[in-house]
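Structures for review follow.
After this come two complexes, each holding chain A, first together with chain B and then together with chain C.
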Partner chain A sequence: MRDKILRILKEEKGVVSGRALSSMFRCSRTSIWKHIKALKEEGYGISSIPRFGYRLYNIPDLLLPREIKEELSTKFIGHKIYYFKETGSTNDVARDLALASEEEGTLVIAERQTKGKGRIGRRWVSPFGGIWMSLILRPRVSPADASRLTLLSSLAVCKSIKKVVGLPVFLKWPNDVLIGKKKVCGILTEMDSELDLINFVIVGIGINVNMDMNVFPEGLQKTATSIKEELGKDIKRIDLLKSLLEELERLYLLFTEGKFSWILKEWKGYDCIFGHDVEVATLGEIIKGRAMGVDEDGALIIKGLNGATKRILSGDVRLWWRQGDSNP
Partner chain B sequence: MENNESMSFIDREIEEIEEVISLAENAGISELELEEEGKRIKIKRAVNQNSPPLEGLEKEPVSIEENNYEKIVAPLIGTFYRAPSPDSPPYVEIGDIINVGQTVGLLEAMKLFNEIKSEIAGRIVKILVEDTQLVKTGQVLFLVDTHFEKPTSG
Partner chain C sequence: MRDKILRILKEEKGVVSGRALSSMFRCSRTSIWKHIKALKEEGYGISSIPRFGYRLYNIPDLLLPREIKEELSTKFIGHKIYYFKETGSTNDVARDLALASEEEGTLVIAERQTKGKGRIGRRWVSPFGGIWMSLILRPRVSPADASRLTLLSSLAVCKSIKKVVGLPVFLKWPNDVLIGKKKVCGILTEMDSELDLINFVIVGIGINVNMDMNVFPEGLQKTATSIKEELGKDIKRIDLLKSLLEELERLYLLFTEGKFSWILKEWKGYDCIFGHDVEVATLGEIIKGRAMGVDEDGALIIKGLNGATKRILSGDVRLWWRQGDSNP
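And then the complex of A and B:
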């Protein structure tokens, strides 16, 4: 009922009388007033004009579930949403939900994370203004193929930023999304599996959207950026999020149909390190060489200085620019 | 008698050559030459050029000890972590008693993280891999004594 009241207020764009609403919903005007009050508490700007009624004058810049679901064209991703003004880590919440049998496609979203997670215990700065979300997936594929989801997710982010914001975006293996040479999005994927069966995968996506650079610690300012910083203005986060969910579902369905090669082909179109000299910090060792793209599994191929090729599954890639090289 | 002895001599030679071959295979090298007391064994191996070696992957040493205990193996290829983060204590240590379903390590491949859960209960007797080592699917990570006397309370 609250959703319906809101829809009427949105459609009317003017004053809607309390009496009209109460007769429409066959309830008391007090009951209508309670719903209006709740909507205002959610952040909607609704003015109450005595004797006339209610008027919606502002839809908040929040990632509210009902705003996300409005005209969302997905089949299952984002149909169920857990929304938090603030939580520790959306990945942790999603994981607990998945362990409690929550269904595939369920989304956990927070306006702020107090314990945003990065790789191996690193922190992920997640103040208000970003998109901090985790998605529950239950792909019926071999656990060995699950790492492909990280490439898939980065491609979805890349394409949705390009589509909604129009900025040139690039991918850095395996799943960093860059604008210029700076990271605008981080992806942390966690899996729970048996020997040959995936119980669930949590895809955690953090996008720096409407954030000023001063929210990042000084050390991060050289390597991180936000869409606002690159574009020079705020964007509507909800539009980006909806586009991302639709793109994620399109690619995920391709993946589950065994068409990962299609995804890789698209991914390669954004590969900013291909052909460039890079160094890869792997376990206690730094490998220098030229990035030769990814193989059919999504592993990085590096051609070493001695001409031998190496296949890399794990490591941090740093661009190792030679003088005279242009930016990606 | 003499004939038998010379046979076993050849057997020993073959055994030695086999040893050198497996040495070369385990180390992933294509050519190996050993010289000892006027004897020289040289082997050459065709190394598959099509699939580049996976960076950092090492063959696990096989030991008889493994047969006496139950194993926890790597479910996937990837980087093995003993702790959830560099500042945290390891999931398990030698001597720890673990239950079915308990997390004993973390694997990462292409930034996908997968907790390794034990399918057996028992006491950890050996950890065969280092923190941040690259492991392959099926590689033995832990040896677990499933027949130890459970400490009784009181």
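And then the complex of A and C:
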């Protein structure tokens, strides 16, 4: 009923009388007033005009589940949402939910993370203004196929930023989304699996959206950026999030239908290190050579100085920027 | 102090006077009596002979931590043990412990599992008399390397059965240990990881030891066996378990030192499907061909009917037993 009241206020764009609402929902005006009060507590700007009624003058810049679900065109992603004003790490929350059998497509979202996680135990700065989300997926594939999910996710972020914000975006293997040469999004994919079958995957996505650069530690300011910084103004985070969920689902369905090659083809269109000389730090060694793109398994192909090619399944890429290059 | 009293009783092999014990430990005879009572409750057979003292006449056939640790020559595996008379699944207990930062080498062991787990959500029958254990490992490797841990574990089981029991044992890719053509052990490796780095691995090992065949459901009796069934008598489970822990550690240290090829060489010596025609059910398809052994990544090599070879990372192998073959 609260959702319906809100919808009427949104559609009306003017004052709606309390009496009209109470007769519409066949309840007391006190009951209507209680719902209005709850909506105001959630952050909605609603003015109460004595003898006239209620008027919605502001929808809060929050990633509220009811706002996310409004006109969301997905089949299952984001149909169930756990929303937090603040939490430790959305990936940790999602993992606990998944261990407790929460279903595929469930979204965990927080306005702020106090213990945001990056890859390999790194910290991820997650103040208010970003999109910090984790998605529970249960693909019936082997763990070896999971790296494809990271490529898929980074492509979804890339495409939704391009579509909603209009900025030029690039992908850097394995999971960085860049604007210019700076990272605007990080993806942390975690999984729980047997050796040959995934139990569940948590795709954690962090996008720096409406954040000023001074929220980042100094060391990060050279390598990280936000959409606000690049665009010069705030955007509506909810629009970006909804577009991202829709894009994620479209690509995930392609993936489960065995059409990863389609995804890969799109991914390659944004690959900013192709043809560049790079250094890749893997668990065991540092590999130098020229990046030759990504193969069907999501592995990076490096052509070494001796001409031999190598497939790299995981690692951190550092580019040898050549002078005169204006863009990766 | 309880451990020390037990050790004295074990070494003495006769009656030890309560007075001698109380003066040795500088405590009251009542205090000694309380420890004796607790040991009896754990299952130790200790007779109290008035005016003479105590005599140990039976060490229970239980996998008690203090018995496991006695003269165990490992550096870290099994130094910390969680012991249960009964639990749901030792893998689940170990996972919870690992999520709570429990250290590498920690062992979870149960005399009986009420919800024993096999691969891919299958059930694993786990009555009293078997060895049902889970080991927490934290190798600094990528998930792609984890299948090597299964090969390593099955080899450790194989070698310890051969050493302690003396029966001929075989390995069937990826993780079955066979006596004759029947399965005597199953291994369930589960992991929690990022895409490129393992957080922890739980190696679950179930060995059918002192069990009569009638404890198995009828369907299993054709494919499963126990050491008791094959040997015609019970064995001391604790000896097998200790040998297994030592073998596991030896092989695991080789693995972490990058010497997997040594392990693989040993593994191949027990490979019972090499050269046989097999059918492998993978997630996507059924592959027929001749088994050509296992490669460096732990993948099974199959030579298809058309002569082409295929690497299989995961699947269930079914042999086409040829008539006249007496053994796999």
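Keep this in mind: the second predicted complex is superposed on the first by the 323 of 328 C-alpha atoms of A that agree within 3 Å, B and C clash if a C-alpha of one lies under 4 Å from a C-alpha of the other, contacts with A are read in each partner's own complex, and residues count from 1 in each chain.
We adopt the following convention: a residue touches a chain if its C-beta (ideal position, glycine included) is under 8 Å from a C-beta of that chain, and two chains touch if they have at least 3 such contacts.
All values derive from a computational prediction rather than experimental measurement.
Undergrad: Pick one for A:E296: touches chain B only (first), chain C only (second), both, or neither.
TA: A:E296 sits against neither chain B nor chain C.
Undergrad: Determine, under the contact definition given at the top, whether A:R140 touches first (chain B), second (chain C), both, or neither.
TA: The second partner, chain C, only.
Undergrad: Please work out whether A:E257 is in contact with chain B alone, chain C alone, both, or neither, and reply first, second, both or neither.
TA: In the superposition, A:E257 touches no partner, neither chain B nor chain C.
Undergrad: Once the shared chain is lined up, is A:E218 touching chain B (first), chain C (second), both, or neither of them?
TA: It touches nothing on chain B or chain C.
Undergrad: Check whether chain B or chain C contacts more residues of chain A in the superposed model.
TA: B
Undergrad: Counting only touches as set out at the top, which of chain B and chain C does A:T309 meet: first, second, both, neither?
TA: first
Undergrad: Looking at the overlay, what does A:E41 touch: chain B (first), chain C (second), both, or neither?
TA: neither
Undergrad: Please work out whether A:I287 is in contact with chain B alone, chain C alone, both, or neither, and reply first, second, both or neither.
TA: first
Undergrad: After lining up the shared chain so the two structures overlap, which partner does A:E71 touch, if you call chain B first and chain C second: first, second, both or neither?
TA: Touch status of A:E71: no partner.
Undergrad: Does the superposition put A:L197 against chain B (first), chain C (second), both, or neither?
TA: A:L197 contacts chain C only, not chain B.
Undergrad: What residues on chain A does chain C touch that chain B touches too?
TA: Chain A residues touching both partners: 119-120, 143-144, 146-147, 150, 174-175, 188-193, 195, 283, 313-315.
Undergrad: Which residues of chain C touch chain A in their complex?
TA: Answer in residue numbers: 119-120, 140-144, 146-147, 150, 174-175, 188-197, 199, 283, 313-315.
Undergrad: Along chain A, where are the residues that touch chain B in the complex?
TA: These residues of chain A touch chain B: 119-122, 143-144, 146-151, 174-175, 187-193, 195, 201, 282-285, 287, 298-299, 301, 308-315.
Undergrad: Show which residues of chain B lie in contact with chain A when the two form their complex.
TA: 51-56, 75-79, 81, 84-88, 106, 108-115, 119, 132-134, 137
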